[in-house]
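Chain lettering (A, B, C and D) follows the sequence in which the chains are written, and residue indices restart at 1 in each chain.
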Amino acid sequence: MEHSLTNATARVPAKSRLKPDTFPIHDVTCTVKSNEQINGEYYLLILSAPSEILDCRPGQFFHLLCPSKGGGNPFFRRPMSIYGYFPASGELHFLYKVVGEGTRAMAQLETGEGLKVLGPLGTGFTIQDGWQNLLVVARGVGLATLTPLAQEALQRGLNLTAICSARSPEMLMSVDRFRELGANVILVTDSEGSSGVENLERMIEAQIAQSGIDAFYTCGSNRLLKLLQRLGAQHGIPGEIALEQQMACGIGMCQCCVRSLRRGGKIIHERVCKEGPVFDLQEAMEW
Amino acid sequence: MVDIAVKLGSVELKNPIMPASGTFSEDLAGVFDLDLLGAHVTKTVTPEKRIGNPTPRVCEVQGSMLNSIGIPSKGASHFVREIIPVYEIFSPPLIVSISANTIDEFARICEKVSVPGVAAIEVNISCPNIEEDGKAFAMRPSTTLRVMKGLREVTDLPLWAKLTPNTGETPDVARAAESGGADALVVSNTLLSMAIDVKTRRPKLGNLMGGLSGPALKPIALRMAYQCAKAVDIPVIGCGGIATVEDVVEYLIAGASAVQVGTATFTNPMVMPHLIEELRAWLFAEKFQSVNDLIGSVRDDEAADSVVFMEAAP
Amino acid sequence: MVDIAVKLGSVELKNPIMPASGTFSEDLAGVFDLDLLGAHVTKTVTPEKRIGNPTPRVCEVQGSMLNSIGIPSKGASHFVREIIPVYEIFSPPLIVSISANTIDEFARICEKVSVPGVAAIEVNISCPNIEEDGKAFAMRPSTTLRVMKGLREVTDLPLWAKLTPNTGETPDVARAAESGGADALVVSNTLLSMAIDVKTRRPKLGNLMGGLSGPALKPIALRMAYQCAKAVDIPVIGCGGIATVEDVVEYLIAGASAVQVGTATFTNPMVMPHLIEELRAWLFAEKFQSVNDLIGSVRDDEAADSVVFMEAAP
Amino acid sequence: MEHSLTNATARVPAKSRLKPDTFPIHDVTCTVKSNEQINGEYYLLILSAPSEILDCRPGQFFHLLCPSKGGGNPFFRRPMSIYGYFPASGELHFLYKVVGEGTRAMAQLETGEGLKVLGPLGTGFTIQDGWQNLLVVARGVGLATLTPLAQEALQRGLNLTAICSARSPEMLMSVDRFRELGANVILVTDSEGSSGVENLERMIEAQIAQSGIDAFYTCGSNRLLKLLQRLGAQHGIPGEIALEQQMACGIGMCQCCVRSLRRGGKIIHERVCKEGPVFDLQEAMEW
């Protein structure tokens, strides 16, 4: 886990960093291009965004200042993974599930309204030089977090297989998006009985045997975490997982967003907003 | 040009806006030029490594927040070796916040952080400590006096005592801190609070209780800043719920010589540089030459002296 | 049908919703049927006539309010003669709130209002008093014990001690009130605060400082209610910032057996009858047979005991 | 100062009062019919209101729950005099000046929106049987408070003269309304130099000499209060004044709205929301 990742904010800032035009974190008001419900629970928010905030890495997130709408009055910002970033068209996409006050308010945003976003934040996924075959296994909103990996794989000419898991086929999002990005998509659902751990394990083992897998990427499910940790250990395949934790500042100051990790035989705390949200798969702990 | 420089004893600030301990770190340099600030204040550091409290460590309450971070700390040695040097590249005075469980440990860490590059030490006496069965030093005048005297003996750096709102004796505690050798008071830390999730019936914080900060704290901390400014001759630094330039002005009028901004930075990371510009503009519009003319200018002469130290309401 | 009746010692309430002292009077009968309420609580009455504080007596702060009404009172004799009889036509138990400057005066008024028609006496020990140089009795365990003992001697009516948040010793004060003979605790009164008009540079209250009430007070008073419920065996009545049914439920889960609603009635005079209906509906939806099953049901077992009485944050 | 005024809430409620259909104070959501700026500072708000809240007295007021609009978030309700109440058309009118957070929010109300109003509240003006000639002297928003008196005078067939004072002629509101209601309107303004105390005194003395005046009614100005107190004392003419004070509850519970009055050789406190806002002219004290 070295390479490409030039996440400036993860290190102590050098003096040169303090020049006004080089601050890597931006707090800007974007304009809502569209905000549509794509199925029962999920919304797709498309913002028109200035190019300086679109220099993102897959796995990074933005901290969104939800409006006081829909009766609520969310106080903190809400962290949201970058579902898509498009410097060419000046677009920033979020895929989100309505769960509480903040996301309820977000769902009320209308085209043309402003939304303050802070970012890009956190440390994203790494793809090591020489890797060829990447496997993404995700469920729920985790799919949003992992989709930009396919964009990066496409740019770099790598093979990416995405196993997308959901309760029922109607719940599967971002499958089209993954396909558009040239990923090899496998759908598994609870309702069809295909999302069980045994079935996944069989499919992954087959893939390892067939073309090999250089790295696992996952997010959002304890069950998937355990499975991939086991397979990774067995086959010596590295992996990464994006974790969630409640956030206040989003930029590393408040220490509220820590998660426990296993490292060097000890349990340590790291900040999801700063060292994370992406962590080494084997270091991650069930929750 | 309006003059917004202030002096807190021997510490000179180019403007009266600085961050509150625990709500700031060098990470904010990713957002704006930290040289703009009046001072830098570090997260409280303890003598030894501490892991901090269980998560969730923060929650929202009606327009404000609770936290029970629990002062995770890598210990004083790590702090002196790794963190203090980070601030060498910045020009504002560096204020180091310290805390400890006993007066001895407090003195030890105070000595340890009295190193070049540190402009003043903020003494966080608002945390529960074991010598006083879980009560913070700043809850009582006697313990405040004792700990400040202990620290005064071991350092020549200015000492800023950070008070707690979890007391009914603010003016007495303020005077005790002054007698003990404090060079300034920071008023105040967070107020012990609680929130429960009605669906799960669990406390919203892993630690059950935590400190209230943000707008809800403002009228309380402002009252304390006013009481302290009346009670002591050393400068008072206002802290609690500041989010707008009117909030800053309110504290300065009440007698604070400078202010610290905490929670507001979480929702609006640019708030401090904005406040500095807005304060300058406000003073200009109101025809003040210098911010020093605003400080302590509250028109309270018409109210009876006797109520000034009233300690209960209504 | 969900049972929402509660017992506060010998006082039976048909529901746990009652008004907070000073935010209620028979004038509210112009808006709804006061027989709907769990109890009636009168404005604090003092032995002698008092004029109250200068105006302005209230002001707004971010989503909450400050008041320094100052307990204007027509005196105890007028109260017994003119006010108590007004409540004869109502069925809920009548709770009379009293206060005084010295323990002797307190005992005198306590005796005086111990008359037929009064179900319990609420002892407002959260006001500044002259015997303790302006500090409220409820700021310290020792003075709380003394005043409650004094009152316990002169009346057979249940005594509810109303605590103040202006202290760092809530659990100790709660235990002192219980030892002194209190039959219930009301938690809590308002928190000393201040606001300044930045244009005129005058305090927004005629009395300079006043008490914070409304939503901003909730996390603080909820923490106190929780601490008190853990500290004593007598019932706790929650009070502070209650405006929604979730607020009511939060206090009950924390251990309060009933609640008082104050400031919310000012902006929404129908709030109490609405809360009664909403509480019934909430309990039904959550499949509770009786409100008593909710009271004290906080799931705090996973948190360390030691933090329960922590008195400072963070 | 006895008569007609059947302000139920001013007395201790009798048991009969507690029946659900007889509560005199209503908290209802009205619908905005229109809300228009009528000159630089003043707005006219017309609400569509249910008839049960339109059983009002001149001088009474409503307590308005201002919306969180225009950036503000007013906490307390705001007291506003009834400018007009029309049971027949189901309308309730307010004339208000934008001064702060609450009125700024009110000014943003749009047709069709709801506004919660509590009332009618307080003790209004009295017109004693046998009185024939009433004199109203008012300035600023005080005109709003006094206008319904003209409505009452018209209904009772009494003569009402309204001296309307303002900074400049453009600022004069409710003059048309007074005229519509058959009042004899006299305009005086600062800009024309006609609003001075000497001029007013001369006009009022002339009216006393000519047709006689049975009662004075005023509101809103210390200068007018002093003048009318003096003339009232000299000529034995009774009078009433509507006073203002900040309010929290609006219905008599919180004791925040007291004003000092001279009565029986002593200075006493009365609640503006309950015993007031209308008080005896001679009891009122300058502020």
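Criterion: a contact is a pair of C-beta atoms (placed from the backbone, for glycine too) under 8 Å apart; a residue touches a chain by one contact, two chains touch by 3 or more.
Because the structure is a prediction, the values reported are computed rather than measured.
Student: Considering only chains that satisfy the touch condition with subunit B, which of them also satisfy it with subunit D?
Tutor: Touching subunit B and subunit D alike, sorted by label: C.
Student: Quick one: which chains contact subunit A and subunit B both?
Tutor: Under the touch definition, subunit A and subunit B have no mutual neighbours whatsoever.
Student: I'd like to verify one number: the distance from the centre of subunit A to the centre of subunit C, where each centre is the average of its C-alpha atoms, in whole angstrom.
Tutor: About 49 Å separates the centre of subunit A from that of subunit C.
Student: Roughly how many whole angstrom separate the Cα centroids of subunit C and subunit D?
Tutor: One centre to the other, that is 36 Å.
Student: Measure off the straight-line distance from the CA centroid of subunit A to the CA centroid of subunit D, and report it in whole Å.
Tutor: Computed from C-alpha means, the inter-chain centre distance equals 61 Å.
Student: Go ahead and note the Å separation of the Cα centroids belonging to subunit B and subunit C.
Tutor: Each chain reduced to its C-alpha mean, subunit B and subunit C end up 32 Å apart.
Student: Using the touch rule from the top of the page, what residues of subunit A touch 2 or more other chains?
Tutor: Counting only residues that touch two or more other chains, subunit A contributes none.
Student: When you check subunit B against every other chain, which residues touch at least two of them?
Tutor: Within subunit B, the residues that touch at least two other chains are 22, 61-64, 67, 69.
Student: Linking chains that touch, what shape results: line, ring, star, complete or other?
Tutor: Topology of the interface graph: linear, an open chain of contacts.
Student: Which of the chains are touching one another, listed as pairs?
Tutor: Every pair of chains in contact is listed here: A-B, B-C, C-D.
Student: So in the complex, the part of subunit D that touches subunit C is made up of which residues?
Tutor: Residues 8-9, 12-15, 17-20, 23-27, 65, 73-77, 118, 245-246, 248-256, 258-259, 269, 274 of subunit D touch subunit C in their complex.
Student: Show me the residue ranges of subunit B that touch subunit C in the complex, using the header's touch definition.
Tutor: Against subunit C, the touching part of subunit B is residues 22, 54, 61-64, 66-71, 126-128, 134-136, 138-140, 164, 166-169, 189-196, 198, 200-203, 206-212, 215-216, 218-220, 222-223, 226, 241, 246, 249-250, 253-254, 297-300, 302-303, 306-314.
Student: Mind pulling up the subunit B residues that touch subunit A in the complex?
Tutor: Listed in rising order, the residues of subunit B that touch subunit A are 22-35, 43, 51-52, 55-65, 67, 69, 72, 86, 89, 214, 265-270.
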